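The same subunit A turns up in both complexes below, where it pairs with subunit B and then with subunit C.
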Partner chain A sequence: MKKYLLLLTLLSYSVAETYTFLVKPYHKEIELEAKIISEIAHASLGTEVKLFIPNISEIEKEVYAAHFTLSQTCEASNFVFVNKTVEHESLCGTSNRLFFTNNYRKLLSDKTYYGALFWNKSRPNIVFIQKRLEANRITLPQAFAPFVENF
Partner chain B sequence: MGHHFTIKKPWYFLIPVLIVGSILALLLIATLRLEKNVEAKIVEISTSDVFSIAQNNATYIHTLLKESTHYVNDIRQNPALQKQIEKSLRTLLTPNIKYAYLLYKDAKGVFRFLSDASNSEEQAFVDQKFDIDSPQWLEIYTTKKPLLLHHTLLHQLSMSYLIPIMYENDVTLILAIDFSIQKVETINQLITTMQYSIIVVMVVIGLSILFSIIQAVRFKAVRKTAFTDKLTNVYNRNYLQKYEDFINLNDYIIATLDIDYFKKVNDSYGHDIGDKILKQVAHIILLIIRNHDDIAIRYGGEEFLILVKTNRNDHLNSLNVVERIFLAIQDHRFYISNDEYINITVSIGVNLVPNKSRTFKEAFKLADIALYNAKNKGRNTIELYDENENIAHTHFSLNDIKEAIEEKRIQCYYQKIVDTQTRELARYEALLRIVDKHHMMVTPDQILPTIKGTFILRNITKEVLSLCREQLLLNSNIMINVNLNPQDIIDDSILSILKTYALHDNIASRLGLEITETEEISNKNDAKKNLLMLKSLGYKIFIDDFGSGYSNFIYLAEIQTDYIKIDGTIIQKILDDKISFLLVKNIVAFAKEARIQVIAEYVSNEAIYEKIKSLGIEYSQGFLFSIPCDSTNIFTCKDI
Partner chain C sequence: MRIFIVILLCVHSLLAHTLDSLLQEYKQTSDNSLQTVNEKLGHVIIYSQKEIRLMQYHKLNDILKELPMFNVNTNRFGLTSHSLTGSKTTTSGFFRFFINDHEISSTYDQSASLSWGDLPLDFVDHIEIYYGESSFSLGNDTGIYFVRIYTKSATKENGSELNALLSSNGSHSQSFTHSQSFENGWSYLLFFNHDRIIKTTDYNAQTLNANGEKKYFYLDANNERTRVNVGYTDTAKNNYAGLAFDAAPENGEITSKDFFIHYSHLFLEDKSLKTNFSVDINHRKYEEANAQGIALIPVLDFTNLGLTIPKAFYEDLRFVKTNAYVSKSFDTEDNSFLTALNVQNKTYHVSDRETINFANQTNVAGAYNNFDNETTSSLLFQDHYQLSDTLILTANAKFDRYERNGSFQDFSENLFRIGAIYTPFEHFGLKTFYTETALPPSFYTMDYANPSTPDLKSQQYRFYTIEAVFTMGESKFSVDYNHVLIDDFLYLTPIGFINIDHTIKSEGFIFDYEYSFSERDKLHLNYYTSNLSEQINNSTKGGYVKFMGGFDKIDYFASIIYKNAYRYFDVHVPQSFNASLGATYHASKDLSYSIKATNIFDNSTQSLYAQGIGGTNFALDDTDRSVMVSFRWVF
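Up next is the complex of A and B:
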């Protein structure tokens, strides 16, 4: 009986992730975000993506590593996703790399970023700015057309 | 009937389990549907007010734009109007309504904000793009009616409610409100609680039903054990008591079966052999009766009651069952050891018409009367209850007999007992008769089964004693024998009467007391003591029917009987049956040694009389000398 209970407990833990977020921190949103960023980055670069996220958390590392080659430094990367508040000076130069943000206001105010993935009314929204795409010589597939804004 | 209660067919248990399971499954499906309906209803109840308010809000915005010909442009260009709309939208925000905003769709089909009630941090700009989460949003442009969307993928929102704002029959603006997950969670909590409650109730009901089924099966098994005679495996008296009121008297004929001379078997071979014979008799009965139709009950020591299913118009088949039982027992060899066997016979009384009786008890009694007649006719026979023969009895209930006593319709007939050598009258035997309401004479064999064991029997004895006393006082030169029942000997009121007769009327020496010897009386010290006391008062003691049933020679010596009356059925066979002759001869020899005088009953012809005479039997009684006559003809009653 004791062995049975032990086995049952271990089995419960092994599949706990599928039904509870008490065992591991909940990261469904990060998962979704990573997938979208992956689509965007690959569509934008057309080469292998070396992703850099400033101040990346452990959970993000774990989730993003499944979709990207993570870069330890800004300099070694070709795609930077800024999803936290960071000083602009702490970031490396824009040559040979693309900058993406999770903040719509930042996208509007800072020309470094060519697009943003942000949560609007609890829904994921994507915006690319046409001029910045052109400046970065990015041609996105037709599927991204509804997300491109021509300011 | 089943002999054992082991589970022979376990799927009998599966059937109720499957039924219960199916019922529970149906209940579960019904419950799930109910839950859905309840959920929809709760959502409707809890949101209907919100929808109305939102509709009012849309109407208000529509009113604000009543002068406008291009809603989108006018709102874009008029900051004051924007403020008014935003203010109106803000009134919709509650802890449950997370967002309220106004949208339009541009020429490219992209949704854009016109107004947003969110706080400044989250507030969308005018013309800011809004990515819809589902193509369902577009339905509003075709239906032109409010639309409720349920979100399954969004983590913070549960529902969105969209209201179209029309311009010239086209959907121009959309007022959208988003419900937070909180509301649905509350509803879900409610539903979950309900779900658990229903599941718990269903489990309890299921377990209760299952428990009830198990208990019912167990109860049936226990009840069957309680209704089964352990020795013979037929039903016992408890069964009869429980179900006698439910027996349909139209469906059965009733047979009562008694093993002949069973007591002798027990006395001769011991109780173990007696039990073995009982088992075998019951086994024969069970083999012959028809399963599911007929019922066998052991209602006494060696007495069985058999209810044989019958057709109202044809008793032949059911009677045939009884006859086969009778013959099978007669032919069966009852082994008392490995190589020794005995034959057993039975007497059977059958009531073919139980439906003519009001109750089962009455019908049973009639079968018992037939059995009584069968025994009287020498046993080893089947006797049918004859309505005509027993007509007097059928009309004689206990109440009728009580009435007869009260109305002085009790009579005594007197039959002579003569000196065998001289044929001179020695004494009379008083015989009980009751005159029924139709002036027909009823004999004791038709009355005694009804009153056996009741106080009426004692009252009748008192009446008979009173009548005999009258005769003795009226005729001082005669002697009369009166029959007493075993219970009378130990009854204080009877003893008191007899004491009075002896001490005050001085008739003890002329009143003989005839007692049938039974085991019951032999074992009672009181009875012995009382008999000796009666002898001391001057009464003569006659042991009646000696040799027929319980005959105990030691007992005769103990009570110092004066006379023994050899049973009539033995005397009847004295000429043809050597055993009967030897029995009589030995009884006479013993009586002479013990100085007891002997009376032979049923002396019905000269040949028997001569034999009796040759054996030296002192007294004789029977139709050869006289029939029983009433008191008015006591002296003139002619000899046959």
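Up next is the complex of A and C:
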């Protein structure tokens, strides 16, 4: 029994999150952002997600590739996550694809986007706009209801 | 059908749980504040947003006072002074302080104490403290400890926050922070603070006081490539012991207004070309009156003390620092190379400086010497080479050219550093650096130079450090060893600064252990010991125990900071145990109330002072026992 307990203890140690030196670039925030976008995109589309991020950085490419099939162009994608400043004209059309943003003001002013992942009062938030969900014929799981707003 | 509905409900509940828990984890990860740490800059200690909140660190000095190999004292002007272990300095140039990318140390004396020492942390996200030389990467003035203060992210705050604090000693503080993000990618964070500071100490049947007011303003406006920072601080306070011969001036005041603007921009698609441009303007005034005389070294003529000892002194000074920096990095699979050019100009203008002697004669002292302009040009090279999966080698070189006006000579300094980070196992790592750097004399040290050696030389530092870290589960244990050799150390004798004519040696160990019981609960132990080849005039050993945690709507912490006893000539300074306790009640996600008791045993650290020039030494407490209540409201 003692051996098992020791083994279990060692096992729990081996999965712990402490680190010696952070010599590699720290990706955990981007990883979590990618996981959240993955949950949203898969629940919204219900099919394989082909993700396009305009002006994607090398680190984002590396992290997001673990959760999505990354698309090289906006036209070849079915889910576009705009997390940087881009000219609206540089994006492709809305037919057959969904647009998501990390900017709440952009969500309010631009009907292209049906939802946003953004920070407010130092907490991360998710908002979907009901009318735009309907316009895009998106049926989100009931569990997403707390994140849907009617305005 | 029922089974299907149950499964569906379970899946939905799992999805919601997943999204909620992911958001929670996202927030926790952000609060751990690991996104900016750069292990290659030196040996680093991180004070995360979570720790700043749980431990109720309200001011920058709350953090600095517990650092290993570091002493925080009160100087003659009632300002905090930061000294290396074993030594006490009135103002020191060993430490560099940055808010974001901007260095905030004084142009006059290289110390950040007067303007920024009591910096409130309400707008600060996290702090990184490096034992290492910052100027190799950042191009700034040289130093061997540096403190990087990162302000909260405007895009993450995206709201307003009100903080207020009231202390039992009468001090109080109010802060307002506001941030907003725009559709075009720009965001800004604004911070205003007002502090009423009460600091009094009884000495020789008199009360010394450093009471005063401070105001802070800070603006951070940025988008993906451009950042503009504006800082302003306004300080007006009494001068505590001042320069009075009897260490008890009849009256005296220090005022300082410090302004800076810092602009940085990243060019090229990979943001590898970086430019910084900044201007700092500091306007400071000092006045003192004392019937027993004022020990103002630069105006004293030791052959005619009767007519040169002032009984009143006034000065009005203005300093301007302009800095331009450009760097280019080149990254390959194994190599990360950076080269940079930095040019800095400092000017020193005496608007007024006069003394009144005991014959009631007013003497316009003006500038103490003709050195009032310095231009420093620096060329930097840095390379990080990934030799294998487990070994990274680093190398830095910096060439500084100092051009000074007046009768002082121009000079050059060649600095370099080599280091390695070796992580042979996931749970064990080693990090080591060898550094050679030079700390040139400031306007202040040249003003207060011993008249027989006016052209002071740079202090030459050679030091090596090694750190071993072992992690196991939620435990982390580290040992640091450092060995420092200093040539031409700048030392303030009773009649002015001199370069010490022999090599000063210091070495020490730091032992650190932390254990996380859960995401919120953590125990942290630290102990350090050091020795110095000279007579010590400050603690050489110290440590702390701190515990922080939370349950439901309550956060709590307890800490005790130890500094050892020492003797300086006939003064015995006892050991200090500074104990603090605190709790925070979160009434809602946006509103919290806190209470904190500090120096519970009334057993503060003490600082050494001397009467007159080389007169009697004495020690005074650095801090009082106090209880603070505060609230934080986010809206």
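To be clear about the criterion, the second predicted complex is superposed on the first by the 130 of 151 C-alpha atoms of A that agree within 3 Å, B and C clash if a C-alpha of one lies under 4 Å from a C-alpha of the other, contacts with A are read in each partner's own complex, and residues count from 1 in each chain.
To be clear about the criterion, a residue touches a chain if its C-beta (ideal position, glycine included) is under 8 Å from a C-beta of that chain, and two chains touch if they have at least 3 such contacts.
Since the model is a prediction, treat every value here as computed from it, not as a measurement.
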*Determine, under the contact definition given at the top, whether A:Pro141 touches first (subunit B), second (subunit C), both, or neither.*
second
Is A:Glu29 touching the first partner subunit B, the second partner subunit C, both, or neither of them?
both
Partner touching more residues of subunit A, subunit B vs subunit C, is chain C
| message | If we overlay the two complexes on their shared chain A, which of subunit B and subunit C does A:Glu149 touch? Say first, second, both or neither. | response | first
Key: Partner chain in contact with A:Val127 - subunit B first, subunit C second, else both or neither   = first
| query | Touch check for A:Phe118: first (subunit B), second (subunit C), both, or neither? | reply | second
After superposition on chain A, the subunit A residues reached by both subunit B and subunit C are 28-29, 104, 120-126, 146-147
So, in the complex, the side of subunit B touching subunit A is made of residues 98-99, 101, 108-110, 118, 124, 128-133, 154-157, 178
Listed in rising order, subunit C residues that touch subunit A in their complex are 11-19, 22-23, 25-27, 29-30, 34-35, 37, 39-40, 152-153, 155-159, 181-185, 223-224, 270, 392, 421, 423, 426-429, 431, 469-476, 516, 589-590, 634-635
Given the complex, residues on subunit A that touch subunit B span 28-29, 104, 120-127, 146-147, 149
Within their complex, subunit A touches subunit C through residues 9, 12-13, 16, 18-23, 26, 28-29, 32-33, 35-36, 39-40, 43, 58, 84-85, 103-106, 109-110, 118-126, 141-144, 146-147
